[in-house]
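Should a chain be cited, it is by its letter among A, B, C and D, assigned in written order, with residues numbered from 1 in that chain.
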Amino acid sequence: MSLELDAAGLVAFLEEHFPQALATGFTIDHVGEDGVSVGLVTDDRHLRPGGTVMGPVLMSLADTSTYLAILAREGPLALAVTSSLELHFLRRPRPGHLVAHARLLKLGRRLAVAQVDIRANGEAAPVAHGTVTYSLPR
Amino acid sequence: MSLELDAAGLVAFLEEHFPQALATGFTIDHVGEDGVSVGLVTDDRHLRPGGTVMGPVLMSLADTSTYLAILAREGPLALAVTSSLELHFLRRPRPGHLVAHARLLKLGRRLAVAQVDIRANGEAAPVAHGTVTYSLPR
Amino acid sequence: MSLELDAAGLVAFLEEHFPQALATGFTIDHVGEDGVSVGLVTDDRHLRPGGTVMGPVLMSLADTSTYLAILAREGPLALAVTSSLELHFLRRPRPGHLVAHARLLKLGRRLAVAQVDIRANGEAAPVAHGTVTYSLPR
Amino acid sequence: MSLELDAAGLVAFLEEHFPQALATGFTIDHVGEDGVSVGLVTDDRHLRPGGTVMGPVLMSLADTSTYLAILAREGPLALAVTSSLELHFLRRPRPGHLVAHARLLKLGRRLAVAQVDIRANGEAAPVAHGTVTYSLPR
């Protein structure tokens, strides 16, 4: 198994096709054969009153980390689209440095499936866990 | 079955607890015994390059419409939190007026479950469909 | 929209390809443009000690009703396979006549998505609700 | 973290409360702090014509392994019930020795969430992956 895009290649892809991911504050923390990690240091834009990280921020982390895990393996498939996203919210995410790790369970010709865990950086217990599927254009 | 909050009551709740939902452009289009509909007229903030509505916007519509369907029945439970969200993306959502309708399938003491359909306003075929669960504080 | 297979055609298909569905006691209660309903009158084989219908029986009803809803529209695609199944258990299912209704939300070239509701026959509130996806061979 | 029930304790529990799990051929292959593995050597009862393992067999493995992972930690909670099951079918499962491993992601007072991977014994790539939640009586 080899990688088609490294972290710099993924950032260049996002700059061209999904500038809002970078504008949101997403960073690419790890790219490897075990998957891709996307980080976010939360600020006021990402929080609900009371200081909890907003659900859609976590969903977006899950979606983006899966997308980048596919691109790392397949190269720049701009037209890959999410076909389903399922996320379980396990613990209240505190503000700070969050990391979403997406690991591909299947990378078929037409469908990719990844498991995603989101953790506060350095913690063992995930704050969210789910499965994201992408439909791949060929 | 009676409703604890009508559309005006739900807007007042959002203004106090989730001002970002209103700032995003969400509107409350319908509140009834069959559930709650949340609308959004998309603009550039909600679109990916190429003009598709971003996935997290749809996820946020699904989450918010479920939350409001619970509040309409139960009153202002600020501490209800999403425990899971699962969304299938069925058709490419075009820019325009989207409507998410959440219908409660179960409203228990500790858990609420809703089915959500998101459609372009006036269209029969949904662009997304899923199930959202909330944990209820008592 | 027209149907390729009616109830008799679906039974003939099951007899040839999935005799165990009929052996389990599944019946085809309705075939229409709105989807397919599969019935089951539970007996001891389907119950846990204490008299609750076993979860896998409900999952099998959800899966089979979706499969038949696809076949009714597409004809005998023996090689269609479940790609995901997600089911929420809402109420304790009592023994008796259960009906699973699968309604296709999307029937694409490669993927079909159905929403499934399982009810005690004649009851309004579902005992289970979920989404089932199939990968279609072409 | 300590375990309330070991493999022998779990088998005794199944004999009393879920004899059909053992009658189906399920075995308890591993009980540890990392979760519980349930095995099944498939025979004709578990196969579709053509030799694929039936989907409901995999769903039942996912459900049962999660249930036992909860019991190993909590002791004999006969009244814990599945509240949702979501399973992605990744590869065609061949007949033989299947192993489902359930790992608890959250064990709260009212809700438990596990991730489940099902593999052919000794293979790295899972044939199915999903998330199962249980509602816990207290």
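Heads up, the rule we're going with is that a residue touches a chain if its C-beta (ideal position, glycine included) is under 8 Å from a C-beta of that chain, and two chains touch if they have at least 3 such contacts.
Given the structure is predicted, the values throughout are model-derived calculations rather than measurements.
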Pair exhibiting more inter-chain C-beta contacts, C-D or A-D: C-D
Chain whose average C-alpha position is farthest from chain A's own: C
Centre distance in Å when chain C and chain D are each reduced to the mean of their C-alpha atoms: 23
Chain B-chain D separation of Cα centroids, rounded to whole Å: 34
Averaged-CA centre spacing for the pair chain D and chain A, given as whole angstrom: 28
Numbers and ranges of chain A residues touching at least 2 other chains: 83-84, 86, 88, 133
Complex interface listing, chain C residues touching chain B: 86, 88, 90-91, 105-106, 113, 115, 125-126, 129-131, 133
Of all residues in chain B, those that touch chain D in their complex: 83-84, 86, 110-111, 133, 135
In the complex with chain A, residue positions of chain B that touch it: 17-20, 48-49, 52, 54-57, 59-60, 63, 81-89, 92
